[in-house]
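Once you scroll down, you'll see the structures, which are given as structure tokens.
Shared between the two complexes below is subunit A, which has subunit B as its partner in the first and subunit C in the second.
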Partner chain A sequence: MKLINLVVLPIIVPLFIGTVLLLFRKSLLAQRALGLFGAAATLVVSLFLLAKVAEDGIQVVTLGSWAAPYGISLVSDMLSILLVATASLLTLLVLWYSVYSLGEKRELSFFYPATLFMLTGINGAFTTGDIFNLFVFFEVFLMASYVLIALGGERIQLRESMKYIIVNVVAAALFVITIGYLYSITGTLNMADLAVKLGDIGSMGVISTVAIMFLVVFGIKAGIFPLYFWLPGSYYAPPLPVLALFGALLTKVGIYSITRVYTLIFTTDVAFTHDMLMMLAIATILFGSIGALAYMDVKKIIIYNIVIAVGVILFGVAAFNEVAVTGSVLYLIHDMLVKALLFLMIGVLIFITGKTNLREMGGLIRHYPVLGWTYLVAVFALAGIPPLSGFAGKILILQGGLEGGFVWQSIVVALSTMVVLLSAIRIFIYAFWGAEKSFNSPPKAKYVNRMIPVVILFVITMGYGVFIEFLMPLFQATGTQLMDSSLYIDAVLGGEK
Partner chain B sequence: MESIIIVLVGILTSVAIYLLLSKNLIRIILGTAILSHAVHLLILTMGGLKSGTVPLLGENAERYIDALPQALILTAIVISFAVTAFILVLAYRVYQEYGTDRMDELRGSNDEQ
Partner chain C sequence: MKSNDLILQTSTRVVFFIIFLFSIHIFFAGHYTPGGGFVGGLLMASAIVLLLLAYDFKTVKEVLPFNYLGMTAIGMLIALTTAAGSLVFNVPFFTHWYDYFDFPLLGKTSIHTAMFFDIGVYLVVVGITLTIIEMIGGDS
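Up next, the complex of A and B:
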């Protein structure tokens, strides 16, 4: 069977199943079963697509068969499909976790459909080859995220979701303005066509301006300095499974978009645009580090670790050579896995203790050794201690940074590892060591239930680190495709195959 | 013609930003609505004004207009409509819960759960 429309499936499948789920809003069993099934089916089709992209190169579908610069193209290159597969995997595991932890009231208030719609938007944003279509998919997943962040209607949620929505609405307006400018300069919206047209025009002040505007728009979503101001407050509000989804997936869409436009479209004035990105990446790392060390609240510590990772990944993109970009992609996937893992672990921790402040925790290691030791190893992976999953990406990012002549910036990135380690290990020291303090001691069965998806994700994350050698060909192909934009352009514009 | 509309877009944007910077929740929401109007007008202008007639009259038509900005605006209008509806409902819930519509009273402390 020829699956020429395989590219569409990771977007269509969650959309379809999410829609069906809206019809069974009273049945808890149907919500859970179909919700998990939807995420699992998305994972399966995206793995198929991954195999196909790895084998045959970039896959393109032009919707309605309108030829490339006129119609909307969906493009699945290695970067996009790796992110789609990871996003689907994480959605599946987080949904599994939320079956045990979210509570019936929230589960029956459209939690599963909203999550699947968010996956639709995220996969669409990763896949689309049209800049306006990117905006549309941004709005799709943002709309779902508005529902998720407000779901349950606690006071803090209502308050923070209001701010989250206003920030994102303004960002969306800015996005459309930027697209309008770009359209008036080039007369096209297809990313491959944009790359060709802007390549012909060459370096021009107004194009650099548009490039920086895109950086602002995507930077608000990604949480780069100084645009991350909304992130710690808003991410703090929703329940843990939602926080895990947001932390692992939403900021990464912003990073993906920056990576895409800064490797494909705006490559004519690298000295200005990428230097700007570099400075912001370094500032993001510094300010994220300050935040991560400043708080004693477990959620806040991990939330600020998101900000640090954003800086590290964008440092690799800004260094703009093949080694650094490959490292960035490796680190991006690692960060999605490990952040989801840490948030879920923090969720179990908060469930056990009933508190979020570290000062009120202690001595858990005797009662919950599995959680304690897996958390410790996950922290090592987060910091990038070899042979765990953060190491390979970070070493390539640093190598690429040094090759590009960014010496002191590379030193900052290397030192940020220490901050990450220190900030996350504090949770281990305070919560698991020390004198025993009072905690909820919930029923063992509930704890074990929650630990199953956590341990599965733990094993996957560890495997991603230890067996990275086998996956390297995929990432090298990703780096090559990102740095050689003609591959992408030819795949989209090069006529039908 | 384009210049006049661009000036109008500028005025609308400054009105929107003035509203966005106020402390009243409803004013902020109205600000986002006006901002979206400004943006839509901007896209329309970017496609060029007064240069033609209807989009497609066949291959030999002497004058025609770029249809793409209009398609974009249609999409953007629908999206901003949906978001504005959602945000209004949410603002009402916030008002019910907190009894205020002033943003400076919604700052909240870190300890509150």
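Up next, the complex of A and C:
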């Protein structure tokens, strides 16, 4: 039997379970069990969908049987489903980690439902083929993220969540305005239909303006230069599992949206729009590097590494050829995995030492060798040392960049690797080597509990690097689909009869 | 603290039911004509807010002793389950269905799946409005 609605499942499964969780808000056991079950079920259905998309090509559902472009289309192409699957996997592992580390009070304050609702919004944003619906799903995960960032109500959280909410409300208003402009030009909101209509109109000043406005809207979310100003402060505030979710998933929704509109919709004036994106990507890398080297606080270092990665991924998108875009997608998935991993490791580190400043740590390697050595390898993966997971993506991005004639920009990207390595390895040198400093030395069992999801994620991340050869067909298909927008358009507008 | 709001309280006793019945009317008017679960729910919520202004939160809680958050969740589940019916029939998500039935008293009436969805929406809107009011104003 052909399942039409498979595309919808990664969105409604977490929504359904999250809603059920609202009914059992007092029971810790129910919250934990159902929360984990919800994330696991989402992962399972998204893996099914991944297999389906890999086999049969782009999957489309038009909601309510209203034909596209009038109804809302949900579209699962390779890029979308790869991100959905990765997001679901990371949510599951982070929730697992939270069970041991978050604390009962926070867990009972809607942590699990909010996380599942956030996953609903994120999966929806990755899947939708309608630009207004994209805004709606943005709001869904933002609402949930407001809950998560304020969870616990510490002083710093209240200050930063205020900032976070204001930035996002302004961005949301700008988003609607931009969609309004686009609608007044084209008279449609369906992304495939937009691509067709804008392709007919051709290059026009006002369309480039709208393209840049979208870059601003999504750039605030993704954290590109100079719009990342809110990011290091706000991400610093919430507890670590939440930070890991935010760092691994939320900025990536912004990157995904930029990638989607800059490969599908705004492709008529590449010389202007994509050059703009290229400049911003390079500036993002530079300023992120400065931040990553400037701080001695473990959380801040990794947070600034998010910014660098955003620049690297968008460099590949801006280079706008198949090799570079494929590399970008590879690197995007890698970055989600490895950032979540690093944040969780930092979480264990902070749990052990009770401190976040590197100068106050030292000599942990003798007591916590597993954490130390896995952290070192994870850092190598982050920097992209072969055969670990960052390598394949980065080499393709660079190759694509050079093919596109962006020589000095490619050199900047390559050099940023050094900065990434240096900034993250400092944590290893300060915290694990050197003279032993005093630390909490918590009970071994608690440490082991926290390490289980971390080690699982570590193995997955390493596997993603070492066995990338087997996954390459998926990513090549992604690159082809992204660069040949007619595949997407035909799937949405042509297939439904 | 208590001011003399006898007029407000007395009229609320009547007006509350008028708004309540109107919200039901608007709810059933939905789908073919303007109206539906969202507007109906908002009307119902505003009726309860009026009750709140005339009396106080304790009275409202006594009159309507529900768990508002649970009500929201159940509303959402009703809406989702209705929509998920499309999974069973293997048609695109949110696809609606209707037919005509003969009822005693009512006569020939159409039953529309969108109505069940709207019942969920109605409950969500009323529930979430009251949850917000309870959280912001409940502890004073």
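Observations on the model:
Note that the second predicted complex is superposed on the first by the 495 of 497 C-alpha atoms of A that agree within 3 Å, B and C clash if a C-alpha of one lies under 4 Å from a C-alpha of the other, contacts with A are read in each partner's own complex, and residues count from 1 in each chain.
Just so it is clear, a contact is a pair of C-beta atoms (placed from the backbone, for glycine too) under 8 Å apart; a residue touches a chain by one contact, two chains touch by 3 or more.
Computed from a predicted model, the values in this text were never measured in an experiment.
When the two complexes are overlaid on their common chain A, residue A:452 makes contact with neither subunit B nor subunit C. When the two complexes are overlaid on their common chain A, residue A:146 makes contact with subunit B while staying clear of subunit C.
By the touch criterion defined above, A:64 reaches subunit C but does not reach subunit B. Number of subunit A residues touched is higher for B, counting subunit B against subunit C.
Using the contact criterion defined above for the overlaid structures, shared-chain residue A:169 touches subunit B, although it does not reach subunit C. By the touch criterion stated above, A:201 is placed in contact with neither subunit B nor subunit C.
By the touch criterion defined above, A:466 reaches neither subunit B nor subunit C. The contact sets of subunit A with subunit B and with subunit C never meet. Across the interface of their complex, subunit A is touched by residues 20, 25, 28, 32, 35-36, 38-40, 42-43, 46-47, 68-69, 72, 75-76, 79-80, 82-83, 86-87, 90-91, 93-94, 97-98, 106, 108, 110, 112-113 of subunit B.
Of all residues in subunit C, only 69-70, 72-74, 76-77, 80, 83-84, 86-87, 90-96 touch subunit A in the complex they form.
Interface of subunit A with subunit B (complex): residues 132, 135-136, 139, 143, 146, 150, 153-156, 158-163, 165-166, 169-170, 172-173, 176-177, 179-181, 183-184, 189, 297.
In the complex of the two chains, the subunit A residues touching subunit C come out as 1-5, 8, 12, 15-16, 19-20, 22-23, 25, 61-65, 74.
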